[in-house]
Structure formats: C-alpha cells, structure tokens
C-alpha cells in the first residue's frame, strides 16, 4: 500500500507521553473534553486523587450539591454531639418532650453556630457544651474559608473558552487537499499569541501486533497573534504529511485520532490558558469546506461572529491525488 | 499609485486573527481601550458571557451597585419566604398589625441572617422557619465568599497601567521620517522586559471589493529592558515599510488602523501584563515631534515624569521623501 | 584509571548554584523530596524564615494543629484580659464563685467574640470591656482572613504530583547501556510541555582535596509534549557521558548524586509546576530494565496506569563495555 | 584619556527605559531597594497611585495601623449616624444621661454590627435604624472581604528574598580583574533558572553637557540553574568592557551606577520572581576578593550558609592593567 510506504518514510515521534503499546481497539486516547482516557491504579484513591482538581472540574450543579451535603453533614455531626451531651445545656431551647424535638433544637443551634450567625435565643452553658460550640464555630470558619477559596478557585481558573468544530474536514487546498478544523472563543475573552499543536495517532499493524504511532501534523500557520474572530487550522496533506495518499479506508483502518492542543495568552486572566481536544476517524468529513462564520453588522460599525456556524460547511469535490 | 506598488511588494500577514473579509466601512477593528469591536451570536447570552470576566471589567461604581442590588434581592427573596410562612415564627419581632410592618420585620430579620450578624432580638422558632434561616445563613456565607473572591480578583488583576499618547505622529527621523507614539506607566508600577508589536490594518480595493490587509510595522526597538520613564515607539517609514511613499490621502483612503500590543513583566504582580490599543487614521498628526516629558527635580535628587505631557508635541517640517 | 581520563576530558559546569568546595562526606546535596540539604545562619531565624513558605509546606496534620494552637492562644490571651479587667462587666455570665469558673466564662465569651458567633447570652458592658471586645472581633476577622488565605494558598499551590521510581537503573540500551529513571503523575492532573534536567554531582580527589564537580547528563529526550502515561528518562552512557567507562566501584567512590529537575505546564492550575528529586549512588541498580506499568482495560475502552509498578524492573545482563 | 576612547568605541544602549537627558547630579536612577528614583506628576494623585500596589508594598506595621484606622473610621462614621438618628432606637442600650455615654453605646453597637459579631444585647428597632444596621453589616462584610484579599495578596506575593552584598568589589580575575557582587537567598526559598542582568550607567560630558549613557555588562555566567548557596556575579573588565582602563577617578567622575536585575523561578510560588538593586560608585571597593560564605557542618551531613558573610572580603593587590 502506497500510504504505508510514505508513513514509514517519516519519523514517528515517541515523546508524546503515550506509549507505542497502548494500542487499544476502539478506545480513544484523549476524550473530546481534553481529558485523558485513562485510569490509574496501584495506590489508594485518596492518594491518587487531587481533591482540589476534582472540585474545580466538577459541574456547577454538582458543586452546589456537594456544598449542601457537606454543610448538612457537619451540622448533623455536631447536632448529634449536643444531643448526646444533653440538650438541657442549650439554654433557651424549646423544652420539647420528644427526642426528635430535642434533636431538632440541637440541629438548629448547631447550624447557627457553624455559620456564626449566633442569634443567641439558644446559647450554650456548661463547660462541655461551651467547648463543643467553640470548636464548632472554629470548624465553621475553617470550612467557609475552604469554600471561599474553592469558589474563587473555580471562577478565577484560567480557561481558554474555545469552541471547536465538531468535525474535521478534508478540504481542497491550493493544488491538493488539507485537513482542517475550526475554533473560536465563545465567551467575551480575548486570546493573543495563540499556538496550536496537532498530533496524529494511528494504530497500525507491525510484525503482527498493533502498535500506536504518533506523528506531528505540520500546520500552515501554527501560531496566530490574536484570536479575534475564528481560526481555521490547516494541515496540508502534501508529500510531507503522514496522511499523504491515505484513502478513507486507510484512515478508518488505522483508527486515526487527531489530538489538538491550543495554548494562548488570555489578557484578562493575564495567564497562559490551554485547551485540548481530540477527533477520531469517525468525525472526519471528506470533501467539504468551511463557510464563513462572521459578517459585518447592518450599520457597518462592527463585526458579528456567528458561533452556531462553527461547523458550517458545504460539500465539495476533492482534487485527484497527484501521487497514487 | 506608487504607494500601492510598494504595499503589494510586501507580504501581508494573515495570522492576525482577523479575516481579510472583515472589511467594514468606518468601523474600527480594535477599540481604544483594547477591546475587539465585535459581537458574538449564535449561542445563548449566558453561554457566551463569562460572568467573571464581566464583573472584573465592570467600572467600580457599577460593581458596587451590582453588589447592592444582589444583596437587596436575596434579602427580599428570603423576607418573602419568612412572610409567607408566617412572621409569628420570628420570636421577638414587633407585632405590627399591618402587613407592611410584618414584612419589614421579616426583611430585617432576613438581612441579619444573611450577613450572619444575628443580633437575636428576633430569632426563628419552629422547624420550617429554622430550616429557612439555616439555608439563608449558608447562602449568605456562599454569597460573601463569592464577593471576597470577586473583590480580590478585581484589585489583584494584573494590569499594565499604560498611558498612550492620544495621537500617532509622523516625525522626522534620521534622513527620513517615522511613525511614532509614546507610552508611560501612570501608576506606581514598574515594568521590565517590555515588548511592543505594531500591526497595520488597511482596507484596500482589490478586484473590485474591499479587503483588509495586515502588515507588521518594524520598530527601531521592539523591546526595552525597563519602562522607568516614557517610551517612544518608532516605526521608521523606509523602503521596508508598508507606509513607504504613502501620502496623507493614501492613509485616509485606506482607513488605516494601527493596532498596538504591549506585553511586559510587572514585578509587583510578578506576572506578565498586557495592554492593547488602536489608532485610526483620524488620530495621525503629520509633521510633529514629541517634546520631552520628564525633567530633573529642582534639587537634582530625582527625576520628574510629567504625565500630562504624554502627547506634548510641536509641529515640524517633514523631509521630502527621497523615493517618490 | 580510564574513567578519570574521560571525566576530565569533559567540561564540568559551575553554574549549578553549588560550589566546588561544598564537598561533604556522605551528605547529599538535594534531599529526595527536592529540598536542599542546607542550613542558613548569620541572621535571626525570623528574618531567614518565610512564614508563608513554611505554613504552605507543612504537613496537613501539623497545619491543623498549628491552627488549633493559634486559635486557643488568642482565645486565652483575650480571656485573661477580660478576667483581669473584671468578669462582672460581662453581663449574663454565670456568677461563679470560683476564679476558675469566672475565667471559663471569660474564655467562652472570648471565643464567641473571636469567631464573631456572638450569641449574646453573655455581652460586654462598660467602656473598657466593650473596647476589648471590639478589638477582639477585629482581631478575629483578621486572623480568619489570614486562615482563608493560607488554606487557599495551600490547596491552590501548583504542584506537579510526580511519582519517581525509587531507584535509578543501569539498563542495556541500543548497543551500550543507559542510566534510566521513571516518573508518572499520580494524581488526576495532566502535564504538558514536560522538560527534565539531569545533573550529575561527583565528589572527586583533585590535588589532594575533595572537590565537587557537576556535569549535565544528556537525555535521549529531554522534553515530551504530554505526560499522559509514564516517562522513562534515558541518559545513554556513551562516549559523551561523564559516566563512560565507570565501574560500580568508581560510582561508589565518587559518591555520585543525580539531581533531577522536572518542569511542566499543568493545564488545571494553568501554571508552570516544578518538582525536584535526587538519587545517590546507593539507589543505583546495575543491570536491570523497567517493566511496563500500563495495560489496556479488559473491555479495551481505556488504558490503566499501574502506579505501584513505578519501580518494577527485572534484572538483565549488561553488555560488555566496548571501550575499557 | 584612554578610558574614554574605549567607552566611545562600544555601542551604548538606549533601550533601558531611561533617557540620555536624565543626567542628574548625585541622584541615583534606581534605589537600593530596586524602586525607581522618580516622581510622577500631571495627573491627580488618586489616578497615578495604585492603592493595591501601595498597600502590598507597605511595611507590616504600617499596614496594621492602616487597618486599625480604617476600622475605627468606619465605626465612627456609622456611630455618628446612629447617634444622629436617635440612640433610643437601639433597644437594650444603657440609657446614659450624657451625650458621650449615648455616643459610646452607638459606637459599640456599630462595632458589633460591622464585625457581624452581633451579640444582640443591643439591637436595632425601627425602620431607619434597621436599614442603617443592615447597610453597615453589608459594609462590614465587603470591607473584610477586601482585608482578606489584601492580607492574602501581601503574603502570597512572589518575592525573590535575595540578599545582595552591600559592596561591589573590583577583584583579580584570571589575568586581569573583574567587577564582582554576591547574592544569596536569605529565606527558606529555592530559586531555579536564575538570570541576572547588569547595566552600567555613566554620566559623561559630551559636547559640553552631561548625558547619561548605558552599557550592558557582560557576565562570566549570566544564568545559573539553581541558587542553592551563594552566587558571585562576575563581570570581567577586559577589552570588551566599558570599564576597561578605567581608574578609580574615572569611576567617580562618571558617577557610575550599576543596575542589577535578577529574575528566577521560585518553585514554591511556582512563579517568576524578580528583584532589582543598584550600586553607585560610592559602594565600589577596589582590590578585594570575596571570602567563602558556606562551610560543611561539623558532622558532615549538610552545608551551612552564613548569611552574615555576604559581604565578607579581604583586601588584595590588583594586577597592573596590561593596557594603560
């Protein structure tokens, strides 16, 4: 097969952080959201999990539920202690005859102490209860210090807010064709010094076993000064390309995956931001070109970027491959 | 037109993040404050807006109004719940006969709970009211955690604090002339490793339609070690310049725009800071030179930088262009 | 000795930050955790200690103990002042006849003020006591502001979370042999643009006294794009290597130490992270090769990284050295 | 004068951020603490002052005084409002017959509201007083959010903690001599990738007026991998040096100033840190060499860095200058 010859002519790279033996069937290396398709084992889960990373990455709704559960648990914990040591030490508490009523008083006193709202209608008396209340208010302050940090960490976390086209397209380009994908920032952020890196992973047969090979994909422009509108990344499929002379069948057979890393400077965070994504062979469209996704405003005063057109394309004829 | 010839001789760049088709009449690409003159559409506003970016960029007075409104709204929300579930559960509240009086008691109790001040003259009783108060004090703590983060984020946000001269001037320079603009830091910050990038955008006629072309403008010094006083950025208009042989009419016809990006290291934030601005052809002064903006103190012990002279210039004769 | 000849042929480097006279017997330069094996003297301890650095580096359990002690101390301090100025000014306090009982009331009031929980069952009266309580609540807020910052600083501190193989191995490599060590991230973080630097320190006899010489160790790959799985760092022991022709005895005699610095970009912190470690001659295994530490999942959908196999190796025959 | 000839032979640099006309008599450009010896005028002080920068740079004692004054002022402000709107609305307040007593009650209630301690012995009643108290507790929370941010900003601010030798020495070096200064970190921080930049400023007579010229001083090593012990920066005074053939009188006449910028990576802040300093001609010692400032511990287990020896030197004979 001609394509194989070309591929073997090119040096593959083995400094991608993935090994050649990781060849898996159907499993991708990088997920669409940029995370690695990987599980770690061998050490306990609390040692191999960064709680901070996890809480920062968590969806907002999950994070709120987490806070609510944590708050209620600590509340319950202290309420049980007050209950156990005697609700009669909580001066001002309703003298409920039932255990449930007593526990409720303990619970509400606990929550007033934890949040330091401390109305004082119910107040601790006696050494033990006072010590517990003192400890609980300290715990409350520390927990909410943690919350403050986490909430700040979540919204201040530098992110690129890049929208990628759901598909990669193989489009006509100059005298040949090129692999193209498109990105744009979808929030009111502004990126400068934007660099992209495309890496091709292919699972190929070598001496009877499946190995994974990695190739850098050269881009027409690997860096742009400023990402104001959209950016179409272009990898020309020429003699230099590991995809040169590849047919659609070759692509599918090799279970091709294109890993995209974009790094940029966000002038609002004043920080480097990075976003990753990955495309598998199932996301490739053969013979298409992207349609413009911005236009001038009616009054000509500014430009409109239409984010819903990030994947807008029309089908076109691909040129014959010169070498076959 | 000679100028056109020279311009076409030079390679324009198309990695600016703006497209060649974004040609708009009268609309600038970058606003004076460095933001992009752009609107995004196609996805809902809450998805294409970074609340954090917006709250950080907001004017201080607007931010304070935002906080006040947010505080009052949450207060009102909980006050309505207390009111609906019965003010009689708020022990100690004035037994006002009017609905308004009752609502006010609920409102003030709510604010004492939200801020965790909890005087306790009014205190919750009963399961429902206690649960609501418990939820409100949690909400209060989370909201103020957010505020703490936002306030910190606002004042700790690395900024360059650069003052740019309101005009670009075309000044005599060596045997020819040069495009010049001047900048200085206007706060007590100190920048080192300061780099600038000047990009020229021109709207030109090509094959009957208006296209936008971008050219880098070479600077005499594109980097300075330290920005202690002022920095006059100089683009010599020589054979290498896309502005070579341009007349004032050429400049106006092309609706020239000069985009300025300055990046530096601020040793107080210990961070890279960046500031952008842009000049349109209307801000160009032909035949002028900047006057000094610093002088020694009377006692010779230090230097005085006069920030109100950032644009100080005097009109001068421009040399004949050697090549025409 | 042939090895000596080769070593002297190579230029040693003296920009490592360590001096040639620091030759110590048995003492390593860098500890396994990356800290420098160094004591500073000559200025008072409070000037040469960064409290912030120390509190950030402290083990979590120690940090919690530190907070508890600090809280109790400040509490006690203010309790003593209330006690000294008269517990009768604390309205509502139990009128205990004993000093201890009075002090306890002062202590609990103090803790309620410090945490701003302020139940109000006990409240200050009189100018002096009110002023003290006002000062204590201010102190409380400042102290907990500090705590908030510290807690945030601790969990938001960018860290590489790298696990290093406990041993360095001398393995067969191509036609010769190589020095190898292995690393992997052990948390759910993802590093890109990972760079490593290996420096060899040897304590050698020169003109009768022991001096320390430093040599950079060239790596097969000193940079990888992404650290998804594991990374085996390889220093080929060829003619270019300062270890060329070294025997096990040479290594031990020179009290060899290999200093490892890894720098990477963590896309979650959006920051550069760095980790250091060091290996002494006692950690070298001669004639071994690392075994794979990852495998595909049973269902082929993802890869499993087995962290407990970071040091997994099997003994192998080393090739004869070509030059001797 | 031979020295002049050499100086004029070298290209001076004019990208230092200082102008050639800033020549001042006796006034240095950079102060010892790295700040610029500069005053800015022309815009109002509140526009040319970064409050954040100022509060971060302030001495700790001044910062604490600032917080105390701010707290007391806000307290007084609200106390006056409560006093003006009637202390009788503060239920539970001591009914003092004097204005001073009434004001004190208002003041203490104000402080309990501002810190949200809210004992509740005194509580607001009536619409107006409740609204004021509600506003004050909001103000309190915002002010303490600011404090939290500032306190965090102060101790988390990346700093290099470099100690510089108070003197520059002219020492024998190889066959000639060199200008040397020494630095070390004085806290338990560790710097890697340390870069230094030495710039020489000289005030010279040219065509009858004093102008300031800047020259880079080449260093033997301008970058070190790691600053574990001390670093002696060495500028060899050879034919390439702008100081070549300079006599002590030349140095004094030119009011020489050496500006030092050090940049490094601190692995604890995971950030670039920078520190500047400057030496004037009065700080130069002719004919000396630095003495070692570290030694091995008695038990040989680690190295001791003696920070009080940062400037330790002994006088030595300087070699005859070859060219004169």
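Letters A, B, C and D mark the chains in the order given here, with residues in each chain numbered from 1 onward.
Keep this in mind: a contact is a pair of C-beta atoms (placed from the backbone, for glycine too) under 8 Å apart; a residue touches a chain by one contact, two chains touch by 3 or more.
Treat the numbers as computed from the prediction; the structure is a model and nothing was measured.
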With over half of the numbers shared counting as same, classify the chain A/chain B interface as same or different. different
Turning chain B onto chain D with a C-alpha fit: angle in degrees, nearest 5? 90
Out of A-C, A-D or B-C, which pair touches the same way C-D does, with over half the contact pairs the same? A-C
Taking each chain's centre as the mean of its CA atoms, which one is farthest from the centre of chain A? D
From the C-alpha centre of chain A to that of chain B, how far is it in Å? 28
Need the CA-centroid distance for the pair chain B / chain C, whole Å please. 39
Touching two or more other chains - residues of chain B: 112, 116-120, 122, 148, 152, 271
Could you pull out which chain A residues touch chain D in their complex? 116, 118-120, 148
Spell out the residues on chain A that touch chain C in their complex, using ranges where they run on. 14-19, 21-27, 29, 34-43, 47-54, 56-57, 91-92, 112-113, 116-120, 122-125, 127, 130, 133-134, 137-138, 140-142, 145-146, 148-149, 152-153, 157-159, 197, 199, 261, 263, 269, 271-276
Within the complex, chain C is touched by chain D residues 67-68, 71, 75, 94, 104, 108, 111-112, 115-122, 144, 147-148, 151-152, 155-156, 161, 186-190, 192, 194, 221, 223-231, 265, 267-268, 270-271, 292, 294, 296-297, 300-310
